[in-house]
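So that you can tell them apart, the chains are marked A, B, C and D in the order they are listed, and the count of residues begins at 1 in each.
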Amino acid sequence: MTTTRQITYREALSEAMAQEMRRDPSVFVYGIDVADHKRIFGSSNGLVEEFGDQRCFSTPLSEDAMTGFGLGAALTGMRPVHVHMRVDFMLLAMNQIVNMLSSHYYGSGGTTPVPMVIRAVVGRGWGQSFQHNKTLHSWLAHIPGLKVVTPSTPRDAKGMLVSAIRDDNPVIFIEHRWFYDAVGEVPEGDGAEPLNGCRVLRPGKDITIVATSWMTVEALQAADVLARRGITAEVIDARTIAPFDVSEVVTSVQKSGHCIVVDNDWVHCGFGAEVAAQVYDHCYGSLKSPVTRLGFVPAPCPCTRPLENAFYTGATEIIRCVEEKLGLDQSDLSGENFFSYENKFKGPF
Amino acid sequence: MTTTRQITYREALSEAMAQEMRRDPSVFVYGIDVADHKRIFGSSNGLVEEFGDQRCFSTPLSEDAMTGFGLGAALTGMRPVHVHMRVDFMLLAMNQIVNMLSSHYYGSGGTTPVPMVIRAVVGRGWGQSFQHNKTLHSWLAHIPGLKVVTPSTPRDAKGMLVSAIRDDNPVIFIEHRWFYDAVGEVPEGDGAEPLNGCRVLRPGKDITIVATSWMTVEALQAADVLARRGITAEVIDARTIAPFDVSEVVTSVQKSGHCIVVDNDWVHCGFGAEVAAQVYDHCYGSLKSPVTRLGFVPAPCPCTRPLENAFYTGATEIIRCVEEKLGLDQSDLSGENFFSYENKFKGPF
Amino acid sequence: MSAQALNRDLYRTVYLIRRAEEAIKENYLDDEMKTPMHMSMGAEAIAAGVCQALDRHDPVLGTYRSHGLYLAKTGESDRFFAEMYGRDTGMAQGKAGSMHLSAPEEGLIGTSAIVASNIPVALGAAFSHKQRNTGRVTAVFFGDGAIDEGVFWESLNSASLMKLPVLFVCEDNGYAVHIPAEQRHGYSDIAEVVSRFDCGVHRSESTDAEVIYTLTRDALADMSATGRPQFLHLKYYRYLEHVGVFEDFKAGYRPRDAFEPWLERDPVKVQREKVVGLLGEEAVAALEAEIDQQVAKSLEFAKQSPFPARSAVVEDVLA
Amino acid sequence: MSAQALNRDLYRTVYLIRRAEEAIKENYLDDEMKTPMHMSMGAEAIAAGVCQALDRHDPVLGTYRSHGLYLAKTGESDRFFAEMYGRDTGMAQGKAGSMHLSAPEEGLIGTSAIVASNIPVALGAAFSHKQRNTGRVTAVFFGDGAIDEGVFWESLNSASLMKLPVLFVCEDNGYAVHIPAEQRHGYSDIAEVVSRFDCGVHRSESTDAEVIYTLTRDALADMSATGRPQFLHLKYYRYLEHVGVFEDFKAGYRPRDAFEPWLERDPVKVQREKVVGLLGEEAVAALEAEIDQQVAKSLEFAKQSPFPARSAVVEDVLA
């Protein structure tokens, strides 16, 4: 029997890396600021101490070269984990990721796989603004040859990172900064979680809410509020953006007849469109309303709080959407204490 | 009355740039190999001769810096046109395009627009393979603050390039290499075409085919074949991927009840999903079959011809799809002479 | 310009920068400036000296650490503080915040939170001015971390090749976040490397704004004589943590010892002593009082200003 | 190794490369090799000399212009030609074509059609071997165009910083497609610039494979003595057009005159003369006959081989 305990998402990440580094000497972790005293918001704590500065190290500010570096290491027997403090910085590495990593295995006639993980953190809040808030999971999912995951619980953070490190393909591992303090049950042992399929976070029968990344938290909060009115929403964490398996969503929508996709990203040409298209394809006859897509408003992310709040979607918008779909009056949400930046981080950045 | 004449897509591109450079001294054209004797497959012919090497010049192989260079010029009164011989090389410029160009206007509080055009050519055929065939229009369309167009006729090549140059926003202008020899009617004068809306290339009532870029040619060929069986397909060129206006598609699907989206790109998380989701939303009651998405097979593009042929979708697949949707027997296509690389380019690359 | 006037101007600038950042420190814990603060305390002489040497409307570009640059370039603080407070009266309606200050009408084209990303932008601005023979020089400010990035080298190469009137201003505090230059640089002396390009090189470790001013004038003279871009390698000490308003010696990545000699020659102190010598204590105190008041008023202005309307979130996405 | 054996090996390699590319020229117009051909005629001494100096299994990486590198590294031509013909028996089942040759079991990790993109990949391979103390050196071949790209500089910096056993091999033909170095480089001498990094620098304009071999040995000795990466700056003349199998002097961007002196010291001719001196005409003719036959057989093998099954298009996307 596996014992579990409550740990944070942050701890789950370090634990996954430490566990795999212990198991396999070819695993190493690197990136800008990875080995400084802050350790990427604490998510690589303990690694330098245990494994030394050859297996966990900070690099020059050279995202492009350092991604190619990982590829070269991966092609010669190592299992690199490259870390970006913000998804936005990964834009400097797009040539390596898309032109090189994604196609190397194919282009080598299946001789040389690329066992590399790229962890990238999504920023949000405290005026991070438009150069520190991108998510880009739909971009990378669009490219064959890459796996893309967006774990939303400590359990998945650990288990999917373990599996990502063991996987022989390039895996883009996208973490939302706000999850880092989240606490949850995580198995003590191996804990590997498959890199495919969604996860039903909360069962329900009246409506299906498919969410990615931080939007799972918003969806769960919305579901809580709705539950008090007797509405049960099934909340599904999409979790694996590529390769994406829609079957759990389909099962749920066939039961509920309603579907909302809440993506932690912009809507146009995003992952939400993919989910919507697939749900429509599979549930055509059983849908009682069109699939609704929610996400960021179509703008760069602004700095100032009132606009930042307007930019992001959340529990309130989800509740309103459900009410509309089910033909319910708008409930009074003034007493609700939804998630906000201040709930998570106290004081200045 | 505007006179038109038949010119090639290639000529239309040079003509648009020359016309705007004559009209406005702030326009200039630059990029790797832009001013060598091949002039980007002839698409910038005549510019050096007429405007000199300060307004049409080749640059060092520095896509990232040269994109920032364009931004700086655009912010200080110029209207740069930056050219990439392949869309794939633009991956090196993603940081500038996405972190800088797309949000500068917004981030400056609406004070400083970014009138810049980025032309990028899609490669295909003769074993170009996986580093020379990407299209990425869905990627860029996903980012607020960018306009993305994929003209498919000489008329649109000229007219949309004219408008792109005049536009105060960053416009990503994606050209398929195979169009360059295509001949069509182009107005002699100004010829500006709006950077929004689709274009109905062929009217029809039995099925709606929405196509992007080269797929418009395949769709038109499919429509020809289908017409001989009495099936009229409405072929719509999506043309403006962002901001995308679905209304013409909706009108058509409401009439036909069937919709195929043929995207010149991979399917997962692509523009096809966006079109499908929007069509479903707007035509829910009137659809007689699910929206079908066609595109590249989910793999990097292989070199060898038989696999390259398998990789791309085309008229045959479209016809089969229509037949299936309309419940028709498969027609004999053995006598058809569909488009192939050899029809376009004779001899080696 | 007389030594008096020059040094008075320089003091006005370094003092304004210092005072404004002190005001940020004093008010930041109220949690009303909801934007990440990258403070420039210790670097005042650079922004002041370089901007003084430039023509007022010469284009400049900077990073997320550009409070000093904004204030040196504009001299104003109303729109500055309003932006920090996220108000509609900020220079970008609060959309930009501390990391994206701009003042295009004064030449501050933009500042970016992506390391090195404005370096090539400077080339384009320089090209544009060169084409139109405006005689303007474009200056771009960046840290020692930025020279790790490939785009710095692409830009250095292209500016040298194209003989663009670009002034590269490397504000070298020896660290990128917490990683020292020795752990990031595969050479011992960046100025040595850069000097092998077709680019002038000038260096200083001075905290004296006048020294920086003179060095910049020399560089600009070199530029107009040779047509070559110029590279200023300027060392300084970052007083506070990478981001935030506190000291961070406890973190252990850099010793407080190293700070002391820099603090002795604090740029504001150095410049103050000089202007007191030139103009007398009284005149200096009056200037300081004037600036104190400007900052106090701006803070008040900012706090009283309204937030932008919610609808502004989707405005100005496209022009 | 005796001078005889060494020079015989070198001649085998340069002759094989030349013969294979001549076979491509002879057959390309049949339109059966449906892949863009970037020919290396004129550069044979570089691939031959450098690979000879490396250990057989040392990792190497190259560009779209890597026929020579593949043949120097593997000595085989069956899978080579089969790949050119897009056949299932090609080293990548025809998925790669001319621009993406690889032979991981022989150390040729990969070749890329994106300029400069394999340079950082070499660093990772070098790191990986350094960690495991294999003593292997990783060599990466690239053109003079690649040094325009930022990633070259990032890689040079990091390799110098991390003291990685990387051999940077710059095959400088003075052009990137049709644009000469003078129109792309903001410095007069790349070796001068690189020498300011913590990296050894060696240069040559020789077409003598033995000279390149010796230079490479020197560089490797320097590397093992100092732990520093090494940069070889090697000039050569590209005989044919950028892509394709023809000469292109008519295009006018480079004069035929410049070609003549290079042709006089053609690498195959130079090496042939030397081995004839060492081994006699007869032995050389026998070696040539052997290679001619190898190439003829490989061509036949390729043409006879089946294409991959259509289903292969979606195979090996994920491991």
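Here, contacts are C-beta pairs under 8 Å (C-beta built on N, C-alpha and C of every residue); 3 or more make two chains touch, one makes a residue touch a chain.
In this text, all values refer to a predicted model and were calculated from it rather than measured experimentally.
The chain with its Cα centroid farthest from the Cα centroid of chain A is D.
For this pair, chain B with chain D, the centres built from the Cα atoms lie 36 Å apart. Centre to centre, using the average C-alpha position, chain A and chain D are separated by 42 Å. For chain A, the set of residues that touch two or more other chains comprises 59-60, 62, 64-65, 88, 92, 95, 99, 106-107, 129-131, 144-145, 298-300, 302.
Residue positions 90, 93, 95-96, 100, 112, 114, 148-151, 154, 157-158, 161, 183-185, 317 of chain D are each in touch with at least two other chains. In terms of which chains touch, the assembly is arranged so that all chains touch all other chains.
Of all residues in chain B, only 32-33, 36-38, 58-65, 88-89, 92, 126-132, 297-300, 302-307, 310-311, 341-342, 347-349 touch chain D in the complex they form. Contact residues of chain C toward chain B in the complex are 59, 61, 90-93, 95-96, 100, 102, 104-105, 109-110, 112, 114, 117-129, 131-132, 138, 150-151, 154-155, 157-158, 161, 315-319. Interface of chain B with chain A (complex): residues 64, 88, 91-92, 94-95, 98-99, 102-103, 106-107, 129-131, 134, 138-139, 141-145, 241-242, 244, 265-266, 268-274, 276-277, 280-281, 284, 287, 290-291, 293, 298-300, 302. Against chain C, the residues of chain B that register as touching in their complex are 28, 54, 59-60, 62, 64-78, 80, 95-96, 99-100, 104-115, 144-145, 147, 168-169, 243. Across the interface of their complex, chain B is touched by residues 28-29, 31, 33-37, 86-87, 90, 93-100, 112-116, 145-146, 148-150, 176-179, 183-185, 243-245, 251-253, 307-308, 310, 312-314, 317 of chain D.
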